[in-house]
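Below, chain A partners chain B and then partners chain C, in two separate complexes.
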Partner chain A sequence: MNRAVDPRELKVHRDDGVAKGDVLLEVKDVSLRFGGVKAITKISFDVRKGEIRAIIGPNGAGKTSMLNVINGFYTPQEGTITFRGVERRAMRTTDAARQGIARTFQNIALFKGMTTLDNIMTGRITLQKSNLFAQAVWRGPALREELEHRHRVEEIIDFLEIQHIRKVPVGRLPYGLQKRVELGRALAAEPALLLLDEPMAGMNLEEKEDMSRFILDVNSQFGTTIALIEHDMGVVMDISDRVVVLDYGRKIGDGSPEEVSKNQDVIDAYLGVPHE
Partner chain B sequence: MLYREAGDFKTTYVADMQTFPIRGERILFWLFVAFCFAVVPFFITGYWEKSILVPFLVWSMIALGLNILTGYCGQVSLGTGGFMAVGAFACYKLTTAFPELNIVLVIILSGAVTAGVGMLFGLPSLRIKGFYLAVATLAAQFFLVWCFNKFGWFYNYSASGQISMPTRTLFGVAVTGPDAPPWATYLVSLTFVFVFAWVARNLTRGRLGRSWMAMRDMDIAAQIMGISPFNAKLSAFAISSFYVGMGGAMFFAIYLGAAEVTEAFGIDKSFDALFMIIIGGLGSILGSFLGAAFIVVFPVFLKNVMVGGLGWSTDLAAHVEIMTVGALIIFFLIVEPHGLAQIWRLTKEKLRLWPFPY
Partner chain C sequence: MSPGFLYFLETVLNGLMTGVMYSLVALGFVLIFKASGIFNFAQGVMALFAALTLVGLQTGQVPFSHLINAIFGTEFHHFGWTLPAFVAVVGTLVVMVAFAYLFEKLVLKHLVNQEPIILFMATIGLAYFLEGFGDLMWGADIKALDIGIPSGGSFWLEDVTREWATEGSDYFGMYIDKLDVVAALVAVALVLVLTLFSQYTATGRALRAVADDHQAAMSVGISLRNIWVIVWSIAGFVALVAGIMWGAKSGVQFSLSLIALKALPVLILGGFTSIPGAIVGGLIIGVGEKLAELYVGPFVGGAIENWFAYVVALVFLLFRPQGLFGEKIIERV
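On to the complex of A and B.
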């Protein structure tokens, strides 16, 4: 593969103080209701540092809701989330970002009026510090900081092979590229935990292969821990280390891809065996 | 070796981030600036000063301010007139209380006072959006004007309820008051607008600008990336109001000379500012200037052509003006939401490719 930048240069500098293989995120007995709708019922699972963890399940199973709980967007009625050893239930989404949780969305949530470059630069916003006056004159510390982050962002742009669309407003990009820019924006935050909500939805085979490759590279080269939701079982089997299966807001399976695919409950859920 | 590579990166990114990446364009821009600063002052007449150049510059400042809030951060405001009034009254109070205070400082401080007031009235934006926010800022407009009318302290209990600007000098030359020469008021306005347009450009291309645009384009995603709506929206309100306040101070001190609040800072001013940024281009520095130029110069042009040239009545000309502006706003909202600035950009691209459009 021919890349301008060796991804190994792009080290995650956010040291999360968790050793590889240890539990990075623990979800414990979490329940989430919207009025009468039980989106999540007493779910527990963990994500270990350095792994790719897939969350699967039929439509409406509560997968997206789970990610929203993890990054503080929803507050569960019961249960706790422990991230990097710190336990919490309610928190502000901005704090989750500062602790190192970044994500992409099922329905792309890019900043449509901004260019690819600006979108990805926005991913680094929590890492930028220069004050108002330095920014106003665009000299000294503000410019130095901007260049430093620009340098990092250019590495991500090279890594994702999107140099040619750097200055294009993302609203004009085709769907597959938008998904890629969104991954870039999340990567730019150098997250300790990367949440991907259906990163390959709506893509053709080639785009899916590219995206799988990027996800694997991010995981192996940068050491980023990833939790991803995906419907394509082939992809899930190929790239994930462990899988958690949800159905109607409950956990019905958890384990390696092989274990999960042999689990009778999981097979029933996917084949649509009616619930008693 | 390493050092050189680092240096190299820097120059390329710096070059890449330039406002005018094309050399010819850059030269033209600086020639134009030199012309405005060094040539125009020698030829400016009272008519050009009062009817075109000074109002254009003052309105450019105001449009820049509103564009930061509405164009960049996506928060609609109908309170511009009220915030201009805050700037004007702050300027009046400051300069009458401290006559020795340098006028430049007075105008900047007036902007700072307005920034504080703007932030206060920006608080509802943390809860409400769009139409509801527009109504809340409309309330600010009426409340502020009412306030400046109601409490005599603001206009130093003058019998007429008016405020009037005393003569203030800069380097020994009057820049406000009836004796200020046209070139002096022009140069002061130009310098203010030039410096603060540059500041606006810097703020909008860096971290702050990206946090505003992120808020505008997708506020939930922005929060999930760690951008606090509190910081982003309130900083937009503060900085926008800072500009509008300085604009209001200049409008009163340099342009009008004397003002009565309901007449000078009514709701029509809020709409004028909004029309400027819509026609000029939302989220564009250049657009703020183009919009201000359009709204200020177009009526003068119409008047000269229709009343002076064709001999139509002033009434008719006024109606034609309102209709044309209205039609243009609808046109821009539907066909080209990025306004004149976008048309300018596209024309430039065509010119660059011409005659080989590939």
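On to the complex of A and C.
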């Protein structure tokens, strides 16, 4: 079943009521502490609809903590987050998912015992109309809905070129393919904001090129807004529209890739400051 | 056939049937453990409570009658009706789902992200609460449970097997309780339904997802709390089935809750996370203890059946702590 899909026909993006170029997500003065350890200190930045926004910084800069704040795993002690015009501080992860925030993880959090197909199907849970209880008792309407979801998931599988592993339990897949399945699961939710935590970590050059292409396609052809964390500077400079730089939990730079790469604080953070 | 071989066959068959009964109880443990990592100490008491409720509804007992009578000085005991078995079973199911909902609302919800040992303590608390609550609601007397399941030995089987024995031997035919046969069929059906449910429904997929990785499940928008309610409801349903079978076999009384103790070696053998493991583990324990009783029992004065399962479990713990079907334990240093 190797049919080519024109991604423009594929609706992998929910209507979020925000015009292209406007602010989709605004993080304002957010601070996060674990006991006495400050993970994030007074960070503000925004993500505009339709862009690829990179979050970079050395190890321990607070990048992943920032993503965890955005999708509701952590509740910051200070500051606010405004998503699609709604301000919030504390939020349950499931609610963030329902509002259209999907994500992948640095260390891949797939359901290892389940097949590729089943994994991507779980991504559509927030789009299911009949609730879990109703489905458990009465299958009729649920079955029709299930077929629709299945259809869309097959399209995503075609788009990511992973037809050949549809029925393979993901635990048996090589690392690069697992990363791709995880991206598929996030795409299946038709997210308004897609968070990618080091989508290319641990990949070889070829896999990195594939992944870059998928990310660019998702962004340009579906119009999905993406915020990503990445260590590979070459990739970041190539694919992102704007970059925010964190160091020791503080923001030290924000702007286009060119601006950021000329910023002295950023250069110091990455290369170290010479001691006189 | 020699009578010796027929005795062996009879023992194995009876062992398998008993094993199925153990599996029924173990199944409830596995469901909850798989989905939430909680060892539910209250599973046995849930079976007892389900059986009590079923008998109470069926015979038209007034719930909390002792309490009501003590406070108001009245003499209510029975509504004066009896419900058909099917209606009573459905009614009990509703009670078990309501119980799952309340347990999540009142207890589990407040213990999210706690250590497994804390949740385990909560289920111990639940076990004692439910035991007392069941007594208060339906009374502490021993009740007979009869929903029309055939029981007793089969004369047909006895006649047929007597023919098999060697001419002139004193073999009187095989005794197999019809109730055990029904229980075996019910267990098979139950496992089939649970498997189909978890493999081919969106709800089942969500359950498997939660069992696999909590954090990832939350990130795709699965509400853990809804899943808990569903899992505990299913465990309540399994407890009801186990309660019906054991209740019909040996009456509904406190000792019914102790069947949970026999489920422990079954779980150690089969693995805490495997449904097929619970079935196979139950069968091995069932057959093992009956055979041991028959062949080893006479040398040590009998009554092996009571402890044999635990010895098997101990030996297993030494050589394969994850059980036959459990996930392999790999430790990274």
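As a working rule, the second predicted complex is superposed on the first by the 258 of 276 C-alpha atoms of A that agree within 3 Å, B and C clash if a C-alpha of one lies under 4 Å from a C-alpha of the other, contacts with A are read in each partner's own complex, and residues count from 1 in each chain.
Operating definition for what follows: contacts are C-beta pairs under 8 Å (C-beta built on N, C-alpha and C of every residue); 3 or more make two chains touch, one makes a residue touch a chain.
Since the model is a prediction, treat every value here as computed from it, not as a measurement.
Annotation: superposed three-chain arrangement on chain A; chain B versus chain C shows a clash. In the superposed pair of complexes, A:Tyr175 makes contact with neither chain B nor chain C. When the shared chain is aligned, chain B comes close enough to touch A:Leu147, but chain C does not.
In the superposed model, A:Gly123 lies in contact with both chain B and chain C.
Of the two partner chains placed around the shared chain by superposition, chain B and chain C are both touched by A:Arg103. Comparing 25-33, 259-267 or 349-357 from chain B against chain C in the aligned model shows that the clashing stretch is 259-267.
Shared contact residues of chain A with chain B and chain C: 71, 73, 93-94, 97-98, 102-103, 105, 109-114, 118, 121-123, 125-126, 128, 132, 135-136, 142, 146, 185, 189.
Against chain C, in their complex, chain A makes its touches with residues 71, 73, 93-94, 97-98, 102-103, 105, 109-114, 118, 121-123, 125-126, 128, 131-133, 135-136, 139, 142, 146, 149, 185, 189.
Those residues of chain C that touch chain A in the shared complex are 197, 201-203, 205-206, 208-209, 212-213, 215-224, 226-227, 230.
In the complex of the two chains, the chain B residues touching chain A come out as 9-10, 13-14, 17, 199, 202-203, 205-208, 210-211, 213-214, 216-218, 220-228, 235, 283. Against chain B, the residues of chain A that register as touching in their complex are 71, 73, 92-94, 96-98, 102-103, 105, 109-114, 118, 121-123, 125-126, 128, 130, 132, 135-138, 142-143, 146-147, 150-151, 154, 185, 189.
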